[in-house]
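Each remark here refers to the structure printed beneath this line.
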Amino acid sequence: MIRSLKKNSKAKGLPPGTLVHVGEKKTDKTRITVIAYGQNNFEEKEVKNIEECFPYKDNGHISWINVDGIHQTEVIEKLGKQFGLHPLVLEDIVNTEQRPKMEDYGDYLYIVLKMIYLNNQADLIMSEQVSLVLGKDLVISFQERAGDVFEPIRERFRTAKGRIRQFGADYLAYALLDAIVDGYFAILEKTGERIEVVEQKVAVDPKPKTLQLIHQLKSDMVFLRKSIWPLREVLCGLQRNESSLIQGSTAVYLRDVYDHTIRVAESIESYREMVSGLLDIYLSSVSNRMNEVMKVLTVIATIFIPLTFVAGIYGMNFKYMPELEWHWAYFAVLGVMAVIGLVMVYYFRKKKWF
Amino acid sequence: MIRSLKKNSKAKGLPPGTLVHVGEKKTDKTRITVIAYGQNNFEEKEVKNIEECFPYKDNGHISWINVDGIHQTEVIEKLGKQFGLHPLVLEDIVNTEQRPKMEDYGDYLYIVLKMIYLNNQADLIMSEQVSLVLGKDLVISFQERAGDVFEPIRERFRTAKGRIRQFGADYLAYALLDAIVDGYFAILEKTGERIEVVEQKVAVDPKPKTLQLIHQLKSDMVFLRKSIWPLREVLCGLQRNESSLIQGSTAVYLRDVYDHTIRVAESIESYREMVSGLLDIYLSSVSNRMNEVMKVLTVIATIFIPLTFVAGIYGMNFKYMPELEWHWAYFAVLGVMAVIGLVMVYYFRKKKWF
Amino acid sequence: MIRSLKKNSKAKGLPPGTLVHVGEKKTDKTRITVIAYGQNNFEEKEVKNIEECFPYKDNGHISWINVDGIHQTEVIEKLGKQFGLHPLVLEDIVNTEQRPKMEDYGDYLYIVLKMIYLNNQADLIMSEQVSLVLGKDLVISFQERAGDVFEPIRERFRTAKGRIRQFGADYLAYALLDAIVDGYFAILEKTGERIEVVEQKVAVDPKPKTLQLIHQLKSDMVFLRKSIWPLREVLCGLQRNESSLIQGSTAVYLRDVYDHTIRVAESIESYREMVSGLLDIYLSSVSNRMNEVMKVLTVIATIFIPLTFVAGIYGMNFKYMPELEWHWAYFAVLGVMAVIGLVMVYYFRKKKWF
Amino acid sequence: MIRSLKKNSKAKGLPPGTLVHVGEKKTDKTRITVIAYGQNNFEEKEVKNIEECFPYKDNGHISWINVDGIHQTEVIEKLGKQFGLHPLVLEDIVNTEQRPKMEDYGDYLYIVLKMIYLNNQADLIMSEQVSLVLGKDLVISFQERAGDVFEPIRERFRTAKGRIRQFGADYLAYALLDAIVDGYFAILEKTGERIEVVEQKVAVDPKPKTLQLIHQLKSDMVFLRKSIWPLREVLCGLQRNESSLIQGSTAVYLRDVYDHTIRVAESIESYREMVSGLLDIYLSSVSNRMNEVMKVLTVIATIFIPLTFVAGIYGMNFKYMPELEWHWAYFAVLGVMAVIGLVMVYYFRKKKWF
Amino acid sequence: MIRSLKKNSKAKGLPPGTLVHVGEKKTDKTRITVIAYGQNNFEEKEVKNIEECFPYKDNGHISWINVDGIHQTEVIEKLGKQFGLHPLVLEDIVNTEQRPKMEDYGDYLYIVLKMIYLNNQADLIMSEQVSLVLGKDLVISFQERAGDVFEPIRERFRTAKGRIRQFGADYLAYALLDAIVDGYFAILEKTGERIEVVEQKVAVDPKPKTLQLIHQLKSDMVFLRKSIWPLREVLCGLQRNESSLIQGSTAVYLRDVYDHTIRVAESIESYREMVSGLLDIYLSSVSNRMNEVMKVLTVIATIFIPLTFVAGIYGMNFKYMPELEWHWAYFAVLGVMAVIGLVMVYYFRKKKWF
């Protein structure tokens, strides 16, 4: 989160609508693919040049233009001009620090949200910003890098499986949103497993490192919450949107994604509560172990200090100490010491002090 | 809760409306029973084959089709097709990770909620997903396994007790909801007893195991809250629903179930607060006992250390130590030691240090 | 609160509207009194038989029927049938676990709330459920036992003091609500005194028993809150109610009770906060006392341990220890010890360590 | 707060509208002053007898009747009757336990709020209830005792400074509210200074007395919040009020007071947060000091215990202990002890243990 | 925050609308600059005398009057009179303790907010109050001192870069707001870095000074929150404002600033949560280190106390202690002591007690 604010000042002082890429450059070259389809036809191609996808505007088919890589602002700018996007929309597309939102520009809807996935090597939660523009018979999607959760959707287009080619651009936009939200469940699943691992560590062997893990989990929860919570409003808004761009039949599907988002959001809240609980248990567990140790040590000291006192008495050099002369006194004292020690051990045990 | 997210990724990447059973398979065979009734007639039978219950659609009677076991997706699919259910509804029915919700599809209402009961052997809180479809003169209910809280309702049908046969399908749906919500009270009662048990343990003998019990109670509260809270909105929505499927006279009854749900929800909140209080008392109680022990031990050490010092003095080997020569010096010193010890004990006692 | 859920499962599985008394049986016999009045007439009598009060329906006068004892469900049922009450209302009347609510049944309003009073013997907060039915020229009140806060109202009827006989049934209902809410102030007063007592105990002499008192106060606050908070909505609803049963002139009075309820609710919240603060002070106070004790004990040990070491040195049996031979060495060492001890005491004092 | 509920039960059981003074009697005699003014005239006088101010009703001028002392209920009652105030209004005026509220009675508005000021002797926050009745060309104000924050307003009348004589009674009411709210800022200023003082004490020398100061601050915050927060709604309501008693031009001024109230309320919230922070720092600071002390003491003990052990060894009386015979053994042992001691000191220092 | 309330009482008792400068005097002389522009023309000048900018009222161009320094109330008063500003607006302009707000006076909108920047020398967060008056073809801005974040906007005017000269006064007001909000991101960035620094300190070497840093961060968060949060409502209000002063095309831009403010507000919340987490880690870290130290010290004491006891036994002076006579007894005892010591060390190590 700290990171996420670092580069924003780059754009400071420029007039609004100036395209400045804010964020890490995650890919080398912008890659554009187009899928055009209707009830009976389907075409998929990768365009080398941004101008190649201009004919897909209002050509009678439904077109899905996908842009991987948003750091080449001139490409985004050309596309924006051709498809009539507002400068502020373009500015938001190339600035990767947006919070999920939906904006209705009359001719088109602009939706921005976060695609979240796991970095397999390091168990890190990664996040990529996805912008969707839903126009008439048109969906344009912008991603930060190649590789996404949309592959099954492309496959459905290719095999004509599912309803996707029967429906309009709004259903396509729904399908993309659904794919992203479905991805959140995998993150939750992994996070659940991590919480379970920490839960066991906390109970068995609490260490400062465990505290770090809990802190890391807490930060992840804050991050996930920040990335996903505003999506609820976005989808609620979409579902109730009176824009002519969304047909009544799609609203049912949007309600379904909305529902999934609510479930994800509630799970994040439950996890947050569980992680807070882990911290309590960790602290209580550490303090408990410490107490146990101190108690045992103190019990040992407490038993030997009176005994040492007894030994000290008979170590005194008084001339007249009758006991010293008695023949079995030494053994008697040893016996008395043993009795004192055992009585104390018995008493402490009975009191369950160690 | 962690569990509840594990299997959801099974459905990832499939087109919406594809039926995939998500959840534990809790029964071997899907079992379907039909109850058809009117003011003057009543029929109850178990159907072997899903096709047998197709005639119950729009046959002039009110029909209640109950399906136990939802893992045979082909059965659910056939039923859905025959009774005109939306693919998303069918998808939700077979996915047991729904949160309680109500959806109005015009022709029918889809309600999903959790039936909660106790596993008698292990005192565990179990939860099963129940889906209700309320159509015209039709209620279809889906459960994860055989055995439910609906038996008294069936009995009322058989004996024609109560108003149930005079009213329509909406009243039947109400009766089913009411039976499920009534079941929550038993859970609350049991949970209350468990809290009482832990409350006594915490006061009398706090142990790490008690902490686990508190943690378990806390998790149960989170689980119950997650399962039951959304039901308030569902019932509030149902009660205010303008659907022609619900008659005005039933709305009063729905208000009553709504009221019960509010009471359950409030009790869960009160329990949550009590469990939090238990944690505070546990921590304070443990720390108190520890303090008592340490105090007693430290008092013992503190009394004997100065005495040992006195003994140490007369253990020194100086040539000229006049006291050593005095005849009763040894006993005098012993007496002085006793006085010092008693004064300290008296002082500590007076200060209520142990 | 735990108690309050125990007996609810008695009603489980019965058809809605079946009258089952839920709650403790607090009186032996149901006792019914009727007060009928108009501008110029007034009649008060106790009826032996429920049928005796049937003529008071629509007889031109305003009637107040008060029922003490709700465990005789057949009495409630007859009354309900005669005055046209909905079965669910009757069910709620005999189930003492209701949360305060108001329901508009068109012909009549049903209000249920808690009358709270102190058990004088044991300083316990007691609660009794009061149901009010406000019909045209009719108020029926149901209480769990004889003895209530309505006596001053009856007295006003008898002496024709105040406006009560000039106004309608809605004003009577208001007067009953007002009497109950006024009773809450006495509870708050008593609770305030109890908090003050605990506040002093916490500062002067914190003991585990004090912690129990704090816990008890906390539970009482939860109980009061649960009993009284929903009343705000009830009175807010009543005041805004467009029912023809409530005249405009009474709305001003209802606003006044509403206002009182808000004040009670806010005081409960303040008390909750104060009780939480007490817990913090208790914990801090206990830990402070413990720290003081440990510090003093440790200081004593720390002063004598080095002195004992010095004594130990001259207790060694080396052949050649020149100091031992010196004539005043013993007293010199005693002097050195005294100096060491005093320096340490001075240093610790200066550092304010004890 | 506890105090504020003590005397309320005095009014219990009386019919609504019965005037009973609830609160401390803060002045001996009720004192009534009248200011009557128009664009061109101004009259100020103190009336001996309540009847003297009756002519000021609807006499063409704007009148401000100020009543200091509300315990003479018969005076309030006469005034109320003459100016047509509702009995419930009169009841609220003489009961000093009101929470700030505004009630619209059509002909007049009734506003009640708290005037807060510092008791100079004891740094105590004092509070007095002020009731305002805003009628047509009439403002009646009721205070608990003589002496108020309204003096500058009277001065403005006398010197015709400011707009006050050009405007109507609503502007006068605004001016009174404004004067009271302005007084809150002085309280906040003083409270800010007190927090600063405690902040320094907490850092430099945390003592149990500091904890009491923090607790006192916390209570004051609760008190201020309770007295001032509801005022936000009152002023929000006044500003949006559609009553013909408030002219459009005054609404701007009311928005300004509303704004001030919001600022006061937000400052109180900030202070609450700061006081909570102080408690955390206090606890951490106390525990820190305790830890430092214990650490130093334990280090001292830990250094001398092994040395004492060494001395103990050579204090043993074995016949054959060759070292005892060696000539320089004693000094060698002393040297070894010094080395052990210094190594331990060095090690502990390096580890930053003290 | 404490500071922010200190001087407010200066204005106490004065009639509303009296101009009293509340706040620190941050500049010597009031400096006024005017920028007048249209589609084709542009003029920028600094005026010596306030009267010089009077002709810019309604002269057909769009004018931006910027006032640096608000302590010369007579200048503000003249300006206000000339441009028809309400006395309360002028009072708010010269009182620097406003919370961000927007007020619609029909002819003009009054907006007040905080410009926040870093004091480079001391890493302190500084805040300056900026008032904007948006009239027809007119923007007047008031700042506390010279030097602001508006320079890039002036530059855009001079170079005719961006859309700024094509749009009206509402767009100019938007541009000013946008510049201020953009400045918040720099503060957040810096704060993020500070949190990171403290985060590392807390983990590596927690000291009381670190606690002070955390407390400072917490106060800064409270300050930022107080300064920025109300801005959300301001911008939400502006964006939905139906005033004819704001054109539809500008609303899109205002939505964008609103969006930025939401992001800033959410980041502040995240930071607050992180700082709270830091406090938890600090406390746990300090307590952990303390525990480690105490454990090692106690282990040392615990090992030597029993050994000293053994030495004490053979230091006793009993006449008949056979062991003393044995030849190798001394070395045997030394060996036994070593074994006891090593066993204890081994046991404690195995138990991971140090």
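Just so it is clear, A, B, C, D and E label the chains in written order, and each chain counts residues from 1 on its own.
Just so we're on the same page, a contact is a pair of C-beta atoms (placed from the backbone, for glycine too) under 8 Å apart; a residue touches a chain by one contact, two chains touch by 3 or more.
Predicted, not measured: the structure shown is a model, and the values here were computed from it.
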item	value
Contact-graph separation of chain A and chain D, given in steps at minimum	2
Fraction-based call for chain B against chain A, same above half, different below	different
Cα superposition of chain C on its sequence copy chain D - rotation in ° rounded to nearest 5	70
Chain B-chain E separation of Cα centroids, rounded to whole Å	43
Averaged-CA centre spacing for the pair chain E and chain D, given as whole angstrom	26
Residues of chain E whose C-beta touches two or more other chains	287, 294, 298, 301, 305, 308, 312, 315-317, 321
Chain contact graph, described as a line, ring, star, complete graph or other shape	ring
Chain A partner contacts - residues on chain E that touch it in the complex	149, 151-152, 156, 161-164, 175, 178-179, 182-183, 185-186, 188-189, 192-193, 195-196, 203, 252-253, 255-256, 259, 262-263, 266-267, 270-271, 273-274, 277, 280-281, 284-285, 287-288, 291, 294-295, 298-299, 301-302, 305-306, 308-309, 312-313, 315-321, 351, 353
Residue ranges of chain B in contact with chain A within the complex	1-6, 8-9, 11-18, 86, 88, 92, 97-99, 101, 103, 105, 208, 211-212, 215, 218-219, 222, 226, 279, 283, 286-287, 290, 293-294, 297-298, 300-301, 304-305, 307-308, 311-312, 314-317, 321, 323-330, 333-334, 337
